[in-house]
Structures are given as structure tokens and as C-alpha cells.
Amino acid sequence: MRFRIVDQREIARNVFRLRMEADRPVGWSPGQFFHIRVDDGLEHLLRRPLSLCEAEDDRRFSVVYRLVGPGTRRLARKGPGDELDVLGPLGRGFPLHEGDHRALLIGGGVGVPPLVQLARELRKRGVSVLSLIGFRTAEDVMLAEELAECGSVWILTEDGTAGRRGRVTAALEEALEEPPDRFYACGPAPMLRAVQSALAGRLPGYLSLEERMGCGIGVCMGCVHLCRDPEGRTRYRRVCTEGPVFPAEEVVFS
Amino acid sequence: MSGVDLSVELAGLRLKNPVMPASGCFAFGREMSRWYDLSRLGAIVVKATTLEPRSGNPVPRVAETPAGMLNAIGLQNPGVDRVIAEELPHLRQYGVPVIVNVAGSTVEEYVEVARRLSDSPDLEALELNISCPNVKCGGMHFGTDPRTAAEVVGAVKRVSRYPVFVKLSPNVTDIVALARAVADAGADGLSMINTLLGMRIDVERRRPVLATEAGGLSGPAIKPIAVRMIYEVSRAVSLPIIGMGGIVSGEDAVEFLMAGASAVAVGTANFVKPTACVDVLEELAAWCRDRGVRAVRELVGAAGRMGP
Amino acid sequence: MSGVDLSVELAGLRLKNPVMPASGCFAFGREMSRWYDLSRLGAIVVKATTLEPRSGNPVPRVAETPAGMLNAIGLQNPGVDRVIAEELPHLRQYGVPVIVNVAGSTVEEYVEVARRLSDSPDLEALELNISCPNVKCGGMHFGTDPRTAAEVVGAVKRVSRYPVFVKLSPNVTDIVALARAVADAGADGLSMINTLLGMRIDVERRRPVLATEAGGLSGPAIKPIAVRMIYEVSRAVSLPIIGMGGIVSGEDAVEFLMAGASAVAVGTANFVKPTACVDVLEELAAWCRDRGVRAVRELVGAAGRMGP
Amino acid sequence: MRFRIVDQREIARNVFRLRMEADRPVGWSPGQFFHIRVDDGLEHLLRRPLSLCEAEDDRRFSVVYRLVGPGTRRLARKGPGDELDVLGPLGRGFPLHEGDHRALLIGGGVGVPPLVQLARELRKRGVSVLSLIGFRTAEDVMLAEELAECGSVWILTEDGTAGRRGRVTAALEEALEEPPDRFYACGPAPMLRAVQSALAGRLPGYLSLEERMGCGIGVCMGCVHLCRDPEGRTRYRRVCTEGPVFPAEEVVFS
């Protein structure tokens, strides 16, 4: 599908927010991702997966991404009016549960963007939201205001230049003092693993995973992650179509 | 499609058009059926099937390269029995010939998979994958030595009720020798090419990007190699060829047909665009129409007609 | 260049930096000297030289492919005597080691070219091109059979006063076997890779684009194949490797060094940008500087250090 | 070198005139060519050679090209303000001879563009110019007005839809009635061959050749054409650096 770029701005060091508009309405849920061709030529064949960060309505969305390589660099060169070839939103997003009162959102780095629309949806349902978001340093901090509109936000930086010093896991115990019903986490694998092991058996929740993708639509088996099914058997599941969000207890980190 | 006869015949299979997905780029069709009507395809080629279920390689399994990609999926599949029970039957609804890609670690394994498939009514042909670079034991070593290749082809032919296409590896010194050997061993057709062995290094982490280090290179980058090999083989061996390797457009398909392929398969392009197969088909039909080509068959081998 | 030690040693040659042009993409240097100061190069590698002058193949000789190109130049060169008399002397002024690429149709021709070059003081090494896909007789067939390759290398080594690098063809089933054979025959180093055999078809004219039909594929498209082969060979054979195949940036050069090359050559990129060699060099130096790498030597083989 | 596109317009069916400005003055002569990267990415590695059509001064030039494949299609997408990576002008252009009074210019299709600046230079020196330009059909006719500013123009089309019916060679004899001192020809190989054989021994002149190029700077030996040297020996010469313009008697057509 063709999306038209509405605008694009740098919102933190090397982090861009790209707003885009679809040519027709599409269904979505928080935690899904867009699969974006960074260029119409053949040099960059694979699409780049970027999480839905905000949904203004059924046609206008934003993604927030960090410059890491040639694909995101090329994307960053585009401007208002340029067209993008986009699939999605794809995948299974964050499930919302009836009856939840308090939710704990945990994000690290570019794992924070998908939490924004999630926080908004929770807020709409009257769920009170606490967002724990961690970054390397003050220059990397992003989306704190957007999250603050939906609840409390605790910022952590590894070097202490903004918010508290330390990683999100350091603040976890404190975040549980007013017990949440559920947690939602997105960020680098070491963070997710630490969150998983800290909360296992104490709080149900979801992890949003990242893997390198080929197709994004479930046919190449490129993006698999090891998961444990309810019977305890482990097997590879596709992040693109069976995820990216999985129940925390099912995810196996090797 | 408005006047152009797109049908081709391939080792006794009659295809209404020459475009099919390449194995491993289409899974078993379920996901793709959300993007277009699979009955529009000339044939359906499913993911490599082995005797036992395989979980495949660790991740990362894919990496991008200039105009190409590397993969090291490692033949993840549910095993032949589940493929027969759960995957093939639902594909019948599309009324399109189904070709099952077969892989194994030993000759016996290939034979046993072929035998079980022969008991299923839900396919029209086998494609013997003796060229998968992504598994240590099995796969490519069968496809790089003419004698070993002939042995596995001969053994499978003895048990198979269905025509056997043999998928050749491009990672060889002499692709014509391989093609001759499998032709002599009774192959009904050839599929070419599988991926080339390649590697990317993550310079920041100082190690290969893929967990398996090397993987299979596919996409437009390899198209000239595929075209050259098909051109050579089609002039030396009289088996029908399913051509593949970097096809992304109708014009690419024409190039493969003119090189000597009788049909084409679209692989990596499915990841660029889920509708790649039917897009290629439409562009191919339009190309023929615009140039007054009445039947796509006429294009087969057209670039080699002048003699060597 | 500000603190980074770029020097490398290569079969006894001391290069002040590891970047040189690939043979055939630099002619004999005269034209390039208008674009930058050739003394900035780590070494100079000149076009393939044969015993007699050769006029090369008919045109078209080049064609573009996705992220790559095909060429079928056919070893056009003025012959070894004129190369020695007219081309090599003027290259001395740059104070950079000169490597002469040698091609031939017979073992005797290779030997005679090497003998004559041994009488010239104007070079530091030979690069035996046993891998040129562009000439029917001579070139690649020497490079695809380990025994023949060893024979020509052994014969040249017996007459050559200069170290001999052997340029390997990627069009083989087992590149490690080739590398081992030429190592055992006395090669002082390896250059890899030469081009892959490919073809493009002009669909409007219904014939191959190149006059020779097939040609050699080079450029970024083949980079993953080059990296994989260098990675494999560098772990199996202890000869220094000049790595090439699709390098267009300093980061590409790092990738080749980490794969196991001790130096790199830049080929097709010279056509994209005449200053490609020195651009790659500057980017390589900057890459090292930004990451605190003190000596470029430290990168050699870094991606394979963890063991297989 | 970076050139900035000033404007680009379709001036005949599938033919574009692209005006561009160099960031600093460059030397040039009519008949030279620019070697243009159609895109900064790696998909299209080879530059495209396009002849200098007009030089407004030492920085502003135009090229006129026909859409034939992916490279020219990509170029046609660019617009004012876009930057182009350009080498050149490269090669040896049309030599001008002191003492010439009349020149005959012969162009076919996209061989016409390089004649425009040539006509202007001749005109500046007081040489009277007759341009014979041939096209397939009326829709293809281009640059006739520009040439008419410098002298007489005879238009020919193969189907007779504009000017006279026929090929340029059909009008050659008539063009010689007022005898020119020299001819300059550029166009498809069959036209050049016909011109060469019609005028051999009768009129000195130059042919501008086209070959597929790798480097454009003389190092790859991709662009060679067979030529005869004054001693009668034939050998391959490089169109990019020894040409594209050669004395007509030296060019060998096989």
C-alpha cells in the first residue's frame, strides 16, 4: 500500500518521528508493526519493520526509529509528500484485558515507541498506566511527554544524565509497590530477559520481540524466536505473524 | 489474459501459465492466500519437506546484501507426514498443480520422502532439492558431484509415481556436467538455480551476521549467473527447465524464458512484495501483448536460436 | 593518516596501506593519474599482460546488472614487451609496489611472460590470472582444476624472481581445494575473487547483450560470495590474501579484512567514481580512527577468531 | 562533481532536456559528453554518457536524452534542485578548423543534440551551417529551432510526417550542391556508415560514435571501436577518451 509522508522530524539524537497517511483506512492495534520499503529500487530488497507508535485515526500513523544502518539512513532522507511502500500494520499487537486497573509499561531505547499508542488505549479504557522507560543517556530520551499524557512516567538513564541512574530493571521492585495487573515490555533482548526473570510468576505480561525479517508475512521462516508452548515443548515461532508480542512466560531466551 | 496464450507444458504437467513461487518463499501457501487468489498461479511449489520435522537453524537467519539477500533457514518444516496430512490437501482447492520440494540428509531419506509423497494424491511433481546450502549434512553435497547427484535421482525415480524435477546448485564448476548426470539418471526436468553460498560480516561485532556464518545468496544480484547457467544447460540437455534467481519483473521472466527456461519461479521478490508472483505474471502477459507475441512458449530459448 | 597504522605486509611486500586497484580496472595507471596522486595507493596492479599483444573481444563488452556489471574485455593489452618497455617504467615515479597481472593460453605462455617480467626491475610481484572468464582458450580453465592450477603455478614459480600471487576463480565447486593446490605448488599469496560467469539477455533483440554472450560479473552483487570464499580459504590456507569483489566503501574493505584478507583491491568501483581507491582508503582510515583501532593489521581475520 | 538540476522538460516524445549547473567552471567543447550517475545507490553502478547539447557558459549546460531503459527513466524522475553526480565533460569533441566557410551537420535521432552547440560555435566563427536532421516520425523531431538559429535546417522523417520523407542520406547529394568544407555527423551506426561511404573521398569530416561504456575515463577498455590508423593498421580505440569524435576516414564499421 502507498502511504504519503506527512512530516518527519528528529526528536532525539539520531531518532526520527515519521508521520504518514494511508490512501485508505486500515485496521490496527498497538504493538503491531509497519513493514516499510526504504526505496523503490533493487539495492535494498528487504523491508524494514518499524512499530506503530501513534495512530491518530485509521489512516494517520507515526513510527519512531533510530538511525542504525543504510535502510534507516535512506528513510531519514525522505520528506513531506514523498510516498512510501508500506505493508501493514502487521503482526499481533498487545492484547488488552477487560478488568485490568493498573498496567506497567517497560520500554528500553527504540522499544519505547510501541508503548505510546498502547498507553493511549489503556488510558481510554480507564487503566492507570506507569511507564518505566530507560535510555543510555539524556540525549536519547524520547516520547516521555507523550507517555506522561497517559499516566506516570519514570525515566532512567544508564549514566544518570536524565531521570534516575540505572536500568529499568533497577526500578522494577519499586514499580510493583502499587501492584499492577499486567506488564507490557519492549526493548533490547537483554532487557526483556531481565524483565522476564524478575517478574516470572509474580505478574502476567507480554514481551514484544525483534528479529531480522525477510518477508514480514509469515512465509520465509526468517524471523523465528524460540517459544515454549503450554505443554512445555519449545519450538520456533514467527515474530512477524505469531508475534511480535508474545505472552512473557512463553518466550525462551537462549 | 487478452489473447496471449500463456500455457506451457513441463514434463507432462500442463500449466495455464509459466509463473510459480520458488520453494521456501511461499511456505505452504496459507499466508499468501491472504494477498491474492492462488488459483492464478501456474503452479504451486512448497517449502522443502524432509522425513522428520526440522526446526531449522538458529537466528539471525536472514541478511540483506546489495540487490540480494542471504538466508540460512535450514529447512524448517513439519516433516513429510504432516505436510501430506495438513498442508497439501488444502492446496487442492486452487486447482493448480502442486510441486513438493524434497530434501534429505541421506539417499534413503530422499527415497522415503518420495515414496510417502507417491501415496498422496495431492501433488503433481517432486522437486528434488539437492542444492540447499543451508544444512551441514544433506542438501548441497548431493548437488555438487555428478555421481552422487545421479545416485539420489536414480533412487528417487525408482519409487516416485510423480515426475521429478531436480533443483541444481550454482555452486559448481560445471553445471552442464551436473545437468547431464541427472538427466541420464532419469530426471524429468530441472529447476535452476538454488542460492549461491555467501556471507556477510557485521563489522561492529566482528563476526558473520548469520548464526550459521554462511548462507544462500538470492535476489536480483544473482540473476546474471542464473541466466548464464540456464542458457548453457538448455543447449546441452533436453529437459524442461524451471528458471529462477532474481526474477522481480515480467521482463526478467522473459529473460529467463529466452535463456531457455520453460517456466519461471519467483523467490525473493515475494518478500519485496507479497503479490510478486501475480505481478510478474501480469507484466509478462502485457509484455507479450505489446509485442504481438501470441504464445509465451515461443519465447522459450529464443536467445539461443542462432546456434552457438 | 592521523594515528592509524595502515601498513600491511604481504608475501614480503611492505605496503604503506592495504588498498590497491584491481587488475583491469585501472589500465596501466596513466589515465587514473589525472584523478589523484597514485603515490597514495598501497600498491598498483595493472591490466592482464599476455605474451603477444591482444586486441580483445568484439563489442558490446560491458553490461549493467543489478548492483553489478558484466564485462568481456578479453585481455586487450599491448603484450609483455611493450608493457615492460612503455608502461612499467613510468609507474616507478609513484614509489609504490607494482604488481603485474599475467595471463596466457598455455603454461608456456605464462612462463615466458613471467620470465620476461623477471628481467624487469620495475615491478614487485606477479599476479597470475588463472581465472579470467573472458577468453576461450586460456584463463579460466587453468583456475578451475586444482591439478592444472598447480602445474602452471609451479612452472611460473621456477622462473619468477618475484613473489607470485595467484588469482582464483570463484566459478568452482571447492575454492579451498584450489587454494590448497596452488599453495602447495609454491604460490606466495592469493588474490580473490575474479569475476563470476554471468549473462544478460536483451529481450528486445532476443540475444545476449554481450558479443561474447557470457561475461564476468563484478561489483557489489558478488560481495557476499567473495567474503564467504575469503573467509573459508583464509582459515584453510596460510597464504596472505588480496581480497576483492564489490568493494565500494571503507566499511566494505573492513569486511574483507575481517574475513581474512590482508589487503584489498577495488575494481568496478573505479567506474562508479574515479577516486574510488583513495576514497576507500580514507574511509577505512576514518573507520579505524573512530573505533580506536590502532593498526589496520589487527582487523585481518577478526571475524574468524572464535574458531569454526 | 556535483551538478544541480536547473530544470527538466519533455521536448519531444520521450525526449527530455535537462539543464544543469556545475558547482564550479569546467572546460568544454562541443561533441564532448557528460558521464552521469542516475542515482546515488548501488543498483545502477554504471554512469550514463550523454552528450553536451548546449553550453550557456562554463557552468550551465544542457543534455537532451531519450528514455530507453531504467537509467534514463530514473534520470527523468529528477527535478529542479536535485543534485547529480557528473563526470566531465569528457572525451574529445568536434575539432573546428580555421578557414572553413561552410559546414554540413548530419544528425539522426538522439545524435542531433551534440550538433546544437557545435552549430553555435561554428556560427560564432562565421561558418555557415546546414543541418540535415532525420527522425522516425514527426513526434520525434527536436532541436530544429535551436539549429535554425545557426543556419539552415532540413528535417527528414522516415514516414514523411514532418519535413521531407526519407533518411538523411537521401538528402546528402543535394546538401553538397553548395559545397561544404567539412561534415560532422552523429547518429545511429547504420546512418554513420551510410554517411561515411557516401562522402568518402569527397568531403572530410567527423563521426561521433556511441559504445556501451564502463568507466568513461579510459581504464576499462569497454567502449572500443575499430579504427584504421594512417598506416592502414586497424586497432581498437576507446570511444570515451580517444573519441567519441573520430575523423570519418579512420572509423571501421564491421
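Chains: A, B, C and D, in written order; residue numbering restarts at 1 for each.
Note that a residue touches a chain if its C-beta (ideal position, glycine included) is under 8 Å from a C-beta of that chain, and two chains touch if they have at least 3 such contacts.
The model shown is predicted, which means the values in this text are computed figures rather than measured ones.
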Name, by label, each chain that touches both members of the pair chain A and chain B. C, D
If you tally the C-beta contacts, which comes out ahead, C-D or A-C? C-D
Would you mind pulling out the distance in Å between where the CA atoms of chain C average out and where those of chain D do? 36
Roughly how far is chain A from chain C, going centre to centre by Cα mean, in whole Å? 46
Rounded to the nearest Å, the gap between Cα centres of chain A and chain D is 56
Chain B to chain C: how many Å between their CA centres? 34
Give the residues of chain D touching no fewer than two other chains, as numbers and ranges. 42-44
If a residue has to touch 2 or more other chains to count, which residues of chain B qualify? 66-68, 219-220
Hey, how would you classify the chain contact layout here, line, ring, star, complete or other? complete
Give every residue of chain D touching chain A within the complex, in rising order. 39, 41-44
Which of the residues in chain B end up touching chain C in this complex? 65-68, 70, 144-145, 171-174, 196-201, 203, 206-208, 213-214, 217, 219-225, 227-228, 231, 246, 251, 254-255, 258-259, 287, 302-303, 305-306
Given the complex with chain D, which residues does chain C contribute to the contact? 24-27, 31-32, 35, 47, 55-56, 58-64, 66-69, 71, 73, 76, 219-220, 248, 268, 270-274
Give the list of chain D residues in touch with chain B in this complex. 42-43
Considering only the defined contacts, which chain A positions touch chain B in the complex? 37, 42-47, 71, 85, 87, 211-225, 235-236, 241, 254
